[in-house]
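First subunit A sits with subunit B, and in the next complex the same chain sits with subunit C.
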Partner chain A sequence: MEALLQEFDTLLLYVFAGLSLAGAIAMLVLQHPMRVAMALVATMIWLGAIYGLVGVHFIAAFQILIYVSAVMVFIIYVIMLLDVRDMAYTRRYAGLLIPGAIAAVVFFGVLAATLWRTVEVPLTTTAAFGIGQFAVDFLQQYWLQFEVTSVLLVAAVVAAIAVVKAGGKDHG
Partner chain B sequence: MIQDLVVHLVYIGYALTVLLLFGTVLTWVERKQAAVMSDRIGANRAYIRIPFTRVKLIWWGLFHGMADGLKMIVKEDWKPAVYDKFAYALAPWIVFTPILLVFAVIPFGGALEPAKLFAGIPAVAQWFGEKTYQMQIAQLDGGLLIVFAFGGISVIGAMLAGWSSSNKYSMLGALRAGGQMISYELVMGLTVLGLILIYGTFDLTAIVQHQSGILLGFLPAWGVFYQPFAATLFMAAAIAENKRIPFDLPEAESELIAGFYTEYSAMKMGLFMFAEFIEIAIIGALFTTLFLGGYNLPYMSDAGFLLPGGHEIPLPHGVVVVIQLVTFLVKVLVMSSFQILIRWSLPRFRYDQVLMFAWKFMLPLALANLTVTVVAVWLLQ
Partner chain C sequence: MDKLQLLLLLALALFAIGLLGVVIRRNLLVMLMCMELMLNAANLSLVTLARQTDTSAGAVLVFLVFVVAAAEIAIAIPIVLLLVRRRHTLDADAYADLKG
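Showing the complex of A and B:
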């Protein structure tokens, strides 16, 4: 019983990894935009579960807080407003099928090669990297990157509004 | 190891029982309180008859919640021709499950020492050893973040329900739900930041332990006395997050016919309702944890009472545990009843007013509160 409980973490890790992989594959295979979004949400949640299992609970919380309950909520909001009679998404393959397939093969080749070389993945625990340590690192080393990202996001928002305004003028 | 598992399974069982009981009882509280407030008798028909006797247990209609649940379960699950069957079936669960999960990080009692609790039975006491357990399912250093993370997931459920129903009222309800819940979650997060600054931790157990002291010699050191402004804003934002009157625009009965769950019947609709009532209890529990000292009774510690003036009343461990559990439940019940009081007191906003209230009134106030807190904390350091 004790040994079983020790191994339970490993078992859970495989379960969560399998589920997040299944979600990722579903995201690529499914066609309806809402189904794709739901598959992506599932992947995010299971990735969060893996973070929680490794012991960095607050990274798991950020994963779900930022990706699921902020980004994906907005994406789903947009998909909700799509015209359901628009059948563009029912086409199975896009025009760039062959280049895409080649890129996918290369990507998986690189990934497999990297995994082949590095077998041991170092895992941190809560003791090593708690939320306090994260805050200190974040505000002392990475604050500049964070601020630059927000400037980029503001630029993107301005650009999006400009595109919408320009499009509105053309169509009257 | 197995001891940990046993203790935590007991906690999980307790948490589920409490939440489901609250969900059932609050449906009755809502009706009965409405009746009292509008000077009617209210729900008083459902009863249980003790078998083979003529004794009917009415208990002020307390069994109406059970009758509702039974009715929902045995009712026909009518399946409309929906746009997306899978999303339609999944949506109630996406709303319901995260709300139950939030309770995992809320401390519902102080430290539990099984060895002291079972002191009368030496075999059991020895098996548990000297370990103490916080009465909380998962003690995480990012506890409060987890609460908000799970809170965000249920937005997706409401939007999915409205979208998949292929009904324009549902669609409108889903759009309203999405916009409203995103707006108010932001306000809720900002109101709590001030408390985080004062306590210096995200861990809900540590937050509650911070509130066990005494302020100015007589006041219990509860969050509501540090941040009265934030407490008010938090409560308002939480009620809006739960989509209840005066913020019930997504489900407005008179204009949208229950909004995003118009097309649901039987227990699927019951899950939405149940989720709403359980969320009342969850909001009560969160408010209690953050602002009302959680399981702390004023002047009481894990050893017993210490009254101002130096009187000490030591209590055995078992009594302390029971007092803490009951204190937490009573506080949650009072806060739930307060939310129902608001529901029956205020009229409904217009939708533009709801969003304006969030972005132009509550958000600036929350930011101002945060600024003042930051300056105060900085000056006092």
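Showing the complex of A and C:
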């Protein structure tokens, strides 16, 4: 029974990996930004499923909460706000299509070959990684990074307001 | 191929696709979304390696990447809106002024 469950886990992992890869490829091929956004949302949800499967449940939850519901909703609002008859919506690729594709394939090939040769420790643990342990480590060992994060967020908010103000001044 | 190699290969593939998207697509918003895909790929590799070593440092880094992504999008979207207001297009080729 235990072995059967393990097999089922592996099968699900392959399915989710394939689906997220398919979503990412759809992002390259689809034309309208709204469809690209939907493909990205699908990819992020499947990645969240993978996180749940390898046992980091709280990161799966944050993936859905922060990426899918905050960041992507923001992007979708902007897509709805902008003009659909723009040239950028009808012409899909820039001039660097073929060199870019070759460079991406070479990049992937080199890193994959390196990965193939170096990593030998298998991923065995699938026990849940609890949020309790994470919280203790986060607030005791990494509290400085946590505080710096809040500074970063404040800086981002101030920068966003400054950008909007500067742009408003130019055009009255 | 065991799970670790599968997940790291997936992260690699997603990163390469995101990079390709930033280079070849011409819509500014699509380029932005491809950058988000690259951040997601980095997150996946961090989570995988954190699981392999069974430490929480990787999870903390993923958390920080979430914050950075939120801050990035909060700044990038107003910039895109300002660019569109100036040139009335999302086409990245319209902003080739700095090209030598």
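As a working rule, the second predicted complex is superposed on the first by the 141 of 172 C-alpha atoms of A that agree within 3 Å, B and C clash if a C-alpha of one lies under 4 Å from a C-alpha of the other, contacts with A are read in each partner's own complex, and residues count from 1 in each chain.
Note that in this section contacts are C-beta pairs under 8 Å (C-beta built on N, C-alpha and C of every residue); 3 or more make two chains touch, one makes a residue touch a chain.
The model shown is predicted, which means the values in this text are computed figures rather than measured ones.
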Subunit A residues touched by each partner, larger count belonging to subunit B or subunit C: C
Which of subunit B and subunit C A:Met38 touches, first, second, both or neither: first
Subunit B versus subunit C as contact partner of A:Phe62, first or second or both or neither: both
Subunit B versus subunit C as contact partner of A:Ala17, first or second or both or neither: second
Subunit B versus subunit C as contact partner of A:Met27, first or second or both or neither: second
Contacts of A:Val73 with subunit B and subunit C, given as first, second, both or neither: first
Subunit B/subunit C common contact set on subunit A: 62, 70, 74, 79, 81
Touch list for subunit C against partner subunit A, complex: 2-10, 12-14, 16-21, 23-30, 32-34, 36-37, 40, 43-44, 47-48, 50-52, 54, 56-57, 59-60, 62-64, 66-75, 77-82, 84-86, 88-93
Subunit B partner contacts - residues on subunit A that touch it in the complex: 1-2, 5, 32, 34-35, 38, 41, 45, 48, 57-58, 60-62, 64-65, 68-70, 72-74, 76-77, 79-81, 84, 126, 130-132
Touching residues on subunit B, where the partner in the complex is subunit A: 1-2, 5, 83-84, 86-87, 90, 140-142, 145-146, 148-153, 155-156, 159-160, 162-164, 171, 174-175, 178-179, 182, 185, 202
Subunit A to subunit C touching residues, read off their complex: 10, 13-14, 17, 20-21, 24-25, 27-28, 33, 36-37, 40, 43-44, 47, 50-51, 54-56, 59, 62-63, 66-67, 70-71, 74-75, 78-79, 81-83, 86-89, 91-94, 96-97, 100-101, 103-105, 107-108, 111-112, 115-116, 119, 121-123, 125, 129, 133-134, 137-138, 142, 145, 149, 152-153, 155-157, 159-160, 163-164, 167, 170-171
